[in-house]
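The same chain A turns up in both complexes below, where it pairs with chain B and then with chain C.
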Partner chain A sequence: MNELSLGPIGSASLLLALAFSVWSLIAAWVGAVRRDAGLLTSSRLAGVATFLAMSVAVAVMEIALLTDDFSVSYVAETSRAANPVWVKMVTLWAALEGSLILWGWLLSGYWALLALRAPNTPLRPWALAVMASVQTFFVLVPAVIAPPFEVMNPVPADGPGPNPLLQNHWMMAVHPFLMYLGFVGLTVPFAYAMAALITRRPGSEWMLQTRRWTLIGWGFLTAAIVTGGWWSYEVLGWGGYWAWDPVENVSFIPWLTATAFIHSVQVQQRRHMLKAWNLALIILTFSMTLLGTFLTRSGVVSSVHAFGDGPVGPAFLAFFVVVTVISLGLMAWRWDQVRDRADLDHPVSREGTFLAGNVLFLAIAFAVLLGTLFPLIVEAFTGDKVTVGAPFFDAATLPLWMGVLGLMGIGPLLPWRRARWQTLRSNLTWMTGVGVAFAVVAAALGMRGTYPLLTVGLIGWNLASFALLLTAAVVPRVRVGTRSVVQVIGDYAFENRRRFGSMIVHLGVVVMAAGILGSSGYRVDEQVRIEMGETHAFRDLEFTALNTFVEQTEYRIGAGATVRVERDGEVLGTLRPKINSFFGQSMDVPTPDVLYLPLYDVYLNVGAGVREGQDFVILRVVRSPLISWIWVGGVVMALGTAYALTPSRRRERETLSAPEGSQTA
Partner chain B sequence: MRSAYVLLAALVLAALPAQAQVANPGAAAPPERLESRVFEIAQQLRCPTCVSESVADSSAGISIEMRNQIQAQLEEGRSEAEILAFFQERYGDWVLLEPPRRGIHLIVWWLPGIALAAGALGLATLMVRWTRNARRLAEEAPLSDEERARVRAELADSGPGGPA
Partner chain C sequence: MKRLIYGLLGVGVLAASGFLIQRALSDGLVYFVLPSEYAAEPEQYEDRRIRLGGIVERGSIDFDDRELQLAFQVTDSLETYPVRHRGTPPELFQENTGVVVEGRFEDGVFVSDNLLVKHSEVYEAPAEGQHIDLEELKDTLQ
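Now for the complex of A and B:
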């Protein structure tokens, strides 16, 4: 087995990937400067070769993990022979060094795709050169700075296995992947933005060529954040999904700036303004992903004292600084081309709401970044420990979210340039009416508090906005033709992929807002002790403890209780919360069980360890209203993004219909 | 990673004396039932040994201890404010997840508002300038009568337009 040692093969493939990547970088820059087609082709081929070499490195690591080759340092430090196959496979990204190979591999995959598929435009050579530079950094880190393929001597018999929290749920196989795909996807628009600056073509060209890449990156990031929330909910045992933890925050900040970006690029495409702003936004988005990686990979966020823990953190910090300084410097250097003489017909217009929304998204991003970094800054300067926790983030961002929800309703209804006052007044009347009606009903049902009632009102406001949008699109078409309403809606959805897709995404946001309101405002937590065979009443529910159990597999022991959940004598389900202990790890992992219901979830978690034959169980019980709506909203957002990405035939129709139109004129 | 665990261990040790004070000598066995108000209060306290988790969310030993302590104090009839003050006295402001609105914390409370105000003001200024640009553009290149007539004719032809 070990005649052919995997470690050196893995190291060699990483070094090969580095060599290809460096060549691609040099060839791309020199080729782009000299307009040398041969060098550019060579660079693109080297890009593809980098992807192949990285694929070999990933494959070698997977083989090493699956065959328990503990002579490879990463396997020895993070894997365990007795683990099931799927855990061994995902152990690739369960720790720092492995996750960096994954990142480098995915980035090289995007790059190879771009090198092979991107249309040959004046921007392409430079965009590929920027991609090559970023890629070189992401290959350099695993190849040289944090090498995972060191040869262990002596070879240990077994390893500790990955962090137990990471092997307790299948989401480990999904969420990190989505997150990297999102981060990596947003590298493409950044590279094209840089190319636009270098070639002095800061028009809409770069964003049109990367529109799909941007949406794909944004869609993956959205999906990653929502699945991350659901994962926390399923495994962390406290019935929540978002704790404003630094690691969560730094993944959220690029999402906020990217969301601002995908809205404001439309202003540039339609109205030829905001050149500088859009460039700044994509630079900010990309540099925030790097800053986030630095903060999470260096241990800085848990404490300033962990600074300098391994060379990866400083490498990311240096790369973050270099990228930010160079890209902003380039923008300053090209300022004459970038600045535009913008003209705005009226603030009350589509572009006006996009601009206001941008200010709100950026303000949220700033508040989150400040809250995350503030404890670090204070501790670095004064040595004092301060805490900035969830209540701050809620207080600082809630009013801004209300503004975002408000703009989300009115923005799509406003035309570009200038709103017609009559239409606007009628739309506003409808939306305000429905919004107020929603809030009044909620208040009558016993809801209190400014933010909850405002949120309910804004949900109504947005639902009215959807109805108005569809009516405005469908009614004229129904009047003109002979087709039914359903057919017309179908045609409208089919012909306007982007617009209809964005409506679906916005609907997902509304569903999610309802879920967040219900679960954060109206959840009830209790800890109870139930004797075996007895029943405990909890609000409108009844829990009966049926039995305790201890179950053992090759790699873990789970101990918990079986609990029947009833409402009005009707059995809703049987839950089996437990605590898992993984062999080789000291940490016990709570493994809650959830009853998913449309109106509220019942969440049970074992509060204190269960021993064999124990005749009672201590349970943490959470009843969380509407929480599953958050996941549904996330799915709707992902589907809407996917729908907007399906190829549209609209352009063909436009070009076909144009000559006809000019004849009639 | 390893030094993070060392740090964590150090924090646990540092917190132990405080924890010993917290343990109420009156409460013999820790309560096994915790009412929902316990979690509402614990939501506002930071778990001293965790990385940014609240006492309500964490399953660390010290958090369980603190939740029991909150239950015991609630049973003694103490108010939420008194209980929070009790923990603040022992652990300092650091234990409160909501930064107090005084001293250095004012920076974190005020800056987002200042940034938003600056952003809104900046946008308003730009909007004024841009609408002026638009007006000037219209004045510089006004439509001729001929063009106006054509626009009117085409608008009349196409009837009431669909949404933008």
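Now for the complex of A and C:
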């Protein structure tokens, strides 16, 4: 094209990143084996250099996207000159090759941060060596296997633009980013776990050094899954948020294992048990992110998000196999060090409930994985094509979720080692009482069915648990001192960041459970036809079709209808559902409009294309009770995680624990 | 002794979840079939939710835009079945295009509650009088 072409610069920076990464990998392993401080420093610097080179690659791709440089293959295949600036920016992760650069870049960022900031412990050299190895794979993929900077010849005048579903909502700018931050964040505890195995130090050290990384990774993954659900709700047009689609499932499985992990590490920190279990969980979490990427990036499972086939899938499969075999093999080799010597004192204890919760989370993860893989298994053995739908996932996981909610209420109230029966009995009485009261009220209001009533009861059970937790923490302090209740709660929250943060997260889960119950059990979903200017009654609502409209921008045409929503003569809002057609794309994208209300959402989607001058409109109307509570619950969970991450004065004291093998007092 | 009890408890929990999963799978599995495959052994799919895939027969589309009822015929060139779908046709729905409908047969009519258009560049409709490659069709639709 001209003297300064972006494609070769991008390719060169990826290859440079690969070279730095490979050098860092070699220097780290050799340096760690020989305890050569010079090599280790060189390796860490090469890690930082990898990050810088990856940053250049990302910057070059962004420049290419923003300047419509269609000589770059990725831009030619996924961007479009007329698109708005924000769409061009997020096009970086709208297709496979670009999203892999983003993944590699974020990973190198965490790695560089770790190389610069991680305290110099016996684990660090090995953890960085593992990070370097993982990083090398994630640079190798964009640099060699799926190169995005190929030079196009001839240079096309324009491209098709990204998948219209992705252009249609700003959340696409946020959700994949959060997802990768989550996946990448959980690589850090994995690397330290491997380091702990290599150095034969499987104690609590590795998890204490990665506690913040784990929480950050888990928090981002949680936020990613919730924002992904909200994106589907706003974009996909059926009024739901979770379809048990393979791509959703494979992001959910690592979340489940990571959730089990952040609970069970506390057992090891306090009680020196579950060493092998914790190592296995973090290995599983990391390998599941790789397996998920393989499944969804290879076209093996059909999915709305599938990126189609190519060499990337097999590469991830190979890496998944290598990682799983090496890490589990290493664990088997170190079995003598990792097996537990201490025993559970009593099942009715904090650690007992954590363990039970772990089993439930793993069972859910297994069910979800099985449901996702089952079509492949059946086709391999019988040749039949089957799908495993939502009924399977609901039936298999709902009872387990009930168990999780039950344990979530009781676990934090139990002391470590062994519960005192009297306290336990009084707590259980309160919680059961409130739970039953909730269920009875729900039944009186007309709610039927085992699971809905059980869920309501468990919500009450958990709310009672929060009250008891706060009372137990606050009442003695109020009695002793002269401060007011509000002050005491404030001090308690300030001094116990982890505990209070976890309470907030659990509260978010309760809010979300209410949202899931309301929106899946009591949604109304109908298609209606409304003549222009007329009013259609729908349950307690009235819809008036005001007009149809066609609006055009440089990059899309939207055609829809304006509908006024009223209840008892009071106007609740005006909605404008439409269908967007993006130029350059054959697929039209329904663009629902949602009226968010505290007790239920009104969700309108244009059912059939609106033509010019049409005197009626066909709408899909979904009324979902409490659905916005799911998003609120997600925000609460994220805030709770952030709160638990704020530095606390008590951190040092909390990490102190009983010596290994000690018995109950 | 303690370990044995916990081990047994663990096995019990695993067995219970295995049972749940097994039961859920037998209810939640949805087979994907072509019309001719269904015709070969309809009793196997009796009272079962299935996904039926095929091509929308030419001239068979009838959409009632007052009652919002869509009726059409789905075919794989060997067998043809009528389909009734409550709701409006999706944007890309048209004659001779690949579709997958999900639902069950009621008195010889397939009653669908989920209609997916499988618009694929790979698949090409055969010329008059020619048979479709069923394997290819199935792969394209899946």
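Following the convention adopted for this analysis, the second predicted complex is superposed on the first by the 642 of 665 C-alpha atoms of A that agree within 3 Å, B and C clash if a C-alpha of one lies under 4 Å from a C-alpha of the other, contacts with A are read in each partner's own complex, and residues count from 1 in each chain.
By our rule, a residue touches a chain if its C-beta (ideal position, glycine included) is under 8 Å from a C-beta of that chain, and two chains touch if they have at least 3 such contacts.
No experiment lies behind these values; they were computed from the predicted model shown.
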Overlay on chain A: chain C relative to chain B, clash or fit: clash
Greater residue coverage of chain A in the superposed arrangement, chain B or chain C: B
Touched partner set for A:Leu599, first chain B, second chain C, both or neither: neither
First, second, both or neither for A:Arg350, with chain B first and chain C second: first
Contacts of A:Arg529 with chain B and chain C, given as first, second, both or neither: both
Which superposed partner A:Val85 touches (first chain B, second chain C, both, neither): neither
Chain B versus chain C as contact partner of A:Ala332, first or second or both or neither: neither
Partner chain(s) touched by A:Gly389 [first = chain B, second = chain C, both, neither]: both
Which of chain B and chain C A:Leu370 touches, first, second, both or neither: both
Touching partner for A:Gly609 - first (chain B), second (chain C), both, neither: second
Overlapping contact positions on chain A, where the chain C interface meets the chain B interface: 302, 343-344, 347, 359, 363, 366-367, 370-371, 374, 378, 384-392, 395-396, 400, 527-529, 590, 607-608, 618
Touching residues on chain A, where the partner in the complex is chain B: 95-96, 236-238, 240, 243-246, 273, 299, 301-303, 305-306, 309, 341-347, 350, 352, 355-356, 359, 362-363, 366-367, 370-371, 374, 378, 382, 384-392, 395-396, 400, 415-416, 469, 472-473, 476-477, 524-529, 590, 607-608, 618, 664-665
Complex contacts: residues of chain B adjacent to chain A: 1, 3-4, 7, 32-36, 38-40, 43-44, 46, 51-54, 56-59, 64, 67, 92-99, 104-105, 107-109, 111-112, 115-116, 119-120, 123, 126-127, 130-131, 133-134, 137, 154, 157, 160, 162-164
For the chain A and chain C complex, residues of the former touching the latter: 302, 343-344, 347, 359, 363, 366-367, 370-371, 374, 378, 384-396, 399-400, 527-529, 579, 586-588, 590, 607-609, 616, 618, 620
Contact footprint of chain A on chain C as seen in their complex: 2-3, 6, 10, 13-14, 17, 20-21, 23-25, 27-33, 49, 51, 65-66, 68, 86-89, 91-92, 119, 138, 142
